Amino acid sequence: MNFINDNLLLVILFFPALAALVLLFLPADENKLFRWFALGASLVPFILSIGLWIGFDPNAAGYQFEANYPWYEALHSSLHLGVDGLSLTMVMLTTFLTPLAILASFSIKERVKAYMMLFLFLEMGMLGVFMSIDLLIFFVFWEIGLVPMYFLINQWGSANRNYASLKFMIYTMGGSLGLLLAIQMLGVLFQTYDLQEITANWSTYTSANGIMGIPVGTVKTIAFWAFVIAFAVKVPLWPFHTWLPDAHTEAPTAGSMILAGVLLKLGAYGFLRLVLPLYPDEAKYFAGALAFLATAAIVFGAFGSFGQTDFKRLVAYSSVNHMGFVVLGIAAAASAIGTPDATIALNGAILQMFNHGLSAAGMFFLVGVIYERTHTRNLEEFGGLFPLVPVYGGILIFTSMASLGLPGLNGFISEFLVVRGSLPLLPVYTAVSMLGLLMTGAYILKGIKKVLHGPLNEHWAHGEHKLTEINTREILIMAPLMVLILVIGIWPAWILDVINKAVMMLF
Amino acid sequence: MTIAQIIFLVVAGATLGSAFMVVTSRNLIHAALWLVATLFGVAVQYALLNAGFLAVVQVVVYIGAIAILFIFAVMLTRKEIRDQGPQLNSSWWLSATLSVVTFGGLVGMLWGWKDMAHTVPDIPPGFDSISALGDALVSPDAFVLPFEVASILLLAALVGAVYVAFNRK
Amino acid sequence: MTTETLIWLIPLPPALAFFLIVLFTNKSKALSHSVGVGAAILSFLGSMVVFFRAVSVEHLGEHPFESSIPWMPTGDTWFNIGVLIDPLGAAVLFFVSITIFMIFLYSVGYHNFGQPAGDHDRKGLPPHGATVEEHGHKHVVPSVEPMYSRFFAFLGLFAFGMYTLVVSDNLLTMFVGWEIMGLCSYLLIGFWYGKPSARAAAIKAFMTTRIGDVFMLLGIGLLYSVAGTLNFREIFGNEELMHTLAVPGATLFGLSLAGLIALLLFIGTVGKSAQWPLHVWLPDAMEGPTPVSAMIHAATMVSAGVHAVIRMFPLLSLDHNTMGVVAFIGTFTAIFAATIAVAQNDIKRVLAYSTISQLGFMIAALGIGAYVAAAFHLITHAFFKALLFLGSGSVIHGMEHGVLHTGNHSVDPQDMFNMGGLRNKMPITFWTFVIGGFALSGFPLITAGFWSKDEILADAWGHGHLVVFLTLALAAFMTAFYTMRQITLTFLGEPRTKEAEHAQETPWTMTVPLMVLSIFAVGYGWVGIPEDFPVLGGLVPNWFHDFVGHTLHEVPEAVEFSWAPLLTSLGVALGGLFLGWFYYRNVNSAKEDFFQIALLKNKYYFDEAYDFVFVKPAIWLSEVFTYQWMDKGAIDGFLHIFGPTTGGIGGFIRNYIDLPVINKFIGDGSADVVQWVGRSLRPIQSGRIQQYMMLSLVVLVVIGGALLYFLLGL
Amino acid sequence: MVPLSWYLIFAAGLFSLGLFGVLARRNAVAILLGVELMLNAVNINLAAFWRYGTITNMAGQVFAIIVFAVAAAEVAVGLALVISVYRRHNTVVADEIDMLKW
């Protein structure tokens, strides 16, 4: 036990990968065993991270559970792990969603072993990004997360999966290029990749000679944009968002859940963990531009979503819309870091990340449920399904409302905080983003209207196409999500307190 | 010119002459017989060199066994050639040139050698070359191993020859 | 239990009922409605206790019941939420709890509890009736609603939203309740979601109100960031803050901060209370079951909008520009909706437009500063409009009975021209409806509507808003006219269809609420008779003005009595009623009706205009511009340039460098040379032993010669 | 007495004649005859070097005897091959025996 206590982060981080390796040696064709094993293996990090949450002291400054293992000494890079309130929230989200996604993958019939292994590796990649305090390690895990996702889409996706997976990969890799270069530059400049040391020095770094003969300001601006673009692609921010609808639509259900639930958060997390601390001045200077992109994401995401006939694509676009609020909050905070308004905006942005993780995962899962039964995602082919699947309908409406930002559910709290924080700082952008909020209602209602309401499409009522009700396993997946959605909506203090304190100490 | 020199020259001339006939005579039987003559000449040379044992072995082994073997072989394969047609191939002139060049080269190399005109040393008194040879052949300090290896070689050649020439039909 | 604790508990029973029904009791109809009605009773009792305790407190305005808890951390401070019952809250809570309770009770009968399940009923569509055999012959009776339990669950959630809104001490939780009601109105209007019209109406309602809500959210955010709190009393009690807010011309359009915030919040109300130009959703909302209409129009949702403006009145009154806007919208809506109501044939739609019109009265009252009058009219209106809606539901229910009896489903049970003469068939419904209608028309002296409407007119007159006064008077006249039109067409004369002949009085669960509400529709007006009213003034103290007025810091003074508005309101009410009866007693079909003007019937073509100006462009913007042009065309198109470009570069390198130079020349070339050399050298291996020897000898000789020549220098 | 050079030149001559026989004769048996000549030439050298070198060192004679053995083996196998080839291809002409060519 002492080992686990002392190396809690390390255990949480690498347990999934270890389990994946064990999975490799299990006998072939035992699909049931693979599923339960993977589920069990993903529950362990979750339970441990609950311990993390309990053991976490929100009032202490800096990183906790820090652990530093030598990794690549020649490069002055080490496996430096640690969590603060910001990353803890994201770690919780990851470990919470992964078991659910694996449970949702129980309907996968082909190559279950490989699938489950990829999923566990994916979890490791995501956790690594949230935990690392070393830029190089950060980047390594950042890229590790890509590979399993690529294969999940490419191998278990639907019709257009090749295009989608390639687009996803190329887009994200393209974004990462600049990030890698910028990280390398910092590494060369400071002879370390440790985030804490770099943060302490870089944000105020000046040099009469410039860097490689270029004025420091220019280099900083370029590096800032390299970071921003890498994260903007991941978030995704308008106009870097077009990979998302394709990837989400083609990915298997659980893949979409994780993609929307966690992977998008990596980008936003990057903004908070790296961009704001490293480039406070540039962030402040370019806050308007960032806010413009965020607002565009909100508005066009909502419009794009409303314009879809594919249910999953509709939900996918909604992610663009929702993540836009995260970035809007970040942009607002960047423009006046340290003020109460900025704190509120950041609280909202981080909570929105968490909330979107819950509601988007839920929405994608629900789309998956109906897709598994009907093998179509075309909204025009549904209609009036409510009487056939009342429980499913209820859950869908509930989750949709969370996504819509209905007060009393989680999305409202975070969106309100973002609006409240951004309004005094970026009044015009916030006002324009309200148009997106309005359209959010429109597309959510469109989804419900086309699927549940209206005259019953008799095709699904009888015979072999008869639509079956959501089953117990699927309800078990939705139940924790729904409970959290409701709990955060009614009593947000338990999580917001951790976030708030982290934000107060960080910025 | 001593008697030994005269004998050497006569024998060497006869030997080379018969050797020439070996490589040039059309009839292979004749060639084989000329070989016998050549071998005999060589045996005389051995004797001149005080290598009596070698001379005897030359006569017994070469003339008595090998030459006869040749004659058998010639007779066994005579049917086709019948000594008709050219016995030398079309590039005999090149062969001849090469042989001459070789000879010239060898002689040329020898010419500048300081020991070329080495005269024969005296045989120490009481030295019996045959018993010395016998000792050398079976002494563990000397050549017993090559001697045994040679016997195995002979055995292997014997078996091999039988196997190769065995008529499998 | 302290009053504060009790206030906290008031909204909870309906919410619990919602969860109980949804999660556990939805299979059992009896259990579900027991839970629902039980929750409504609990909340009702709690509200009554709170109300009477509130009334018995002196100076409640200065020392209201309030309590709050920290809810959400925002930087160094916490955002608190809590409950507040001040005089306004108490008064609103009173009528809300009564009407909600009545509506719950009414729903039991309206959805035919106790009747057999329908023959062909399916979820999502209204029940079509069930065939039963009695004494050997079959006849059709109304069938129970298939989604009976669900209805009570939704009602419970709705009630929760309303109670939350009423007891909130801050704008945020008020907004929470506000939006939950929005969701419930969506769910309830779309209750019969199988009907495309209901589905469309639900979405329309939600979206239209959401337009307002979005502005309201902005307003809340702005107020929060300026004031640092959303607590009503903290904001209004902070004089320094109020002065800062009131600085004129601080923001856009020359509005002060207060004006801008109030305007934004007011837009929320415009959506929620269906004021022009966001009024379009409310008539369509009639697609829902009738208790829903009552819920939405009378007791809760639309009142919530006005309630919000009344709550924010101290802020609103800081900027006269915003006041002007409010007054204009209210007044315009009042007359505008009244004109449309005249031309409607659907019994519920008339009421819907009348609601819009009456809400316009309240808004206009607020716009001219008549705080108490607006609150008064809000409450009286809630009672009589709930009564009218439930009454109309009762009429429809009775008509449906007739329709089932004849089996002719082409007859619309909501069309007034299909009715007539129902006074004999449904006496209780008739008398209660008449009471409600007269209250709505402002029948002098005895009805509540008279007193509240008269007060608004008096205020308009007294404060010198002549245009407002005249317009509202005209609207009041039309109100009386179309109300009498409705009563005449529905209840008077002879039955115009067979179905009307076979209409039946509704069960007690429906009539009892009607009777209870009709008591309030009459009696509630007497608590607000102005002190200096001739004869009656002072007979009963003007309790309402005194009580509610103390919500504000400076108690508004009652306007002095004046004969002009009194005579006007007497004249328009009586005149309208008389004309309505006089004209429509002879009209038997829609064709004979002079007021079937296309412009009015089609609601001034607002739906079509909105569809053309907003909905279609939004769809185009979404489907074509954003998705097809921008995402698929521009962005992806731009990205797709990269593919072919890199492909082209790769192809160039392959076709012009790799293949010819490296592969052909260097790779294949070297192999070719080797092969050629090999081929050329091949004849050497002739298999002829002598040649080999000769060759090796030649080489030996050559090399030997060369060695000798070069090394030894021979 | 006879100088060493005479023996060496004599052996070289014999060797060259044998070489010519090996290279020029068509008959395979005749080629083997040539080989015998060459071997004999070598033996003469060995014997001569023994006689003109340190006479007590018997390496020269021993080598010569081993050459006898090798020659006997060579002739036995060689002639067996010739006869075997002759049986298969009915020829002993070296030019015609070219099965090992490409």
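The chains carry the letters A, B, C and D, assigned in the order they are written, with residues numbered from 1 in each.
In this section, contacts are C-beta pairs under 8 Å (C-beta built on N, C-alpha and C of every residue); 3 or more make two chains touch, one makes a residue touch a chain.
Note that the structure is predicted; figures quoted are calculated from it, not measured.
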item: Selected pair, greater C-beta contact count between C-D and A-C; value: A-C
item: Computed distance of Cα centres, chain C from chain A, in Å; value: 32
item: CA centroid of chain C to CA centroid of chain D, Å; value: 121
item: Computed distance of Cα centres, chain D from chain B, in Å; value: 6
item: Centre-of-Cα separation between chain B and chain A, whole angstrom; value: 97
item: Shared interface positions of chain A, touching two or more other chains; value: none
item: For chain C, residues that touch 2 or more chains besides their own; value: 690, 694, 697
item: Of all residues in chain D, the ones touching two or more other chains; value: 19, 23-24, 94-95
item: Inter-chain touch pairs (all); value: A-C, B-C, B-D, C-D
item: Chain A - residues contacting chain C, complex; value: 167, 171, 239, 241-242, 245, 300, 303-308, 340-341, 343-344, 347, 384, 386-387, 390, 394, 397, 401, 406-408, 412-413, 416-417, 419-420, 423-424, 430-431, 434-435, 437-439, 441-442, 445-446, 449, 452-456, 491-493, 496-497, 500-501, 504
item: Chain C-touching residues of chain B, taken from the complex the two chains share; value: 89, 91, 94-95, 98, 101-102, 105
item: Chain B-touching residues of chain C, taken from the complex the two chains share; value: 690, 694, 697-698, 701, 704
item: Chain C to chain D touching residues, read off their complex; value: 682, 685-690, 693-694, 697
item: Chain D - residues contacting chain C, complex; value: 19, 22-24, 31, 94-95, 97-102
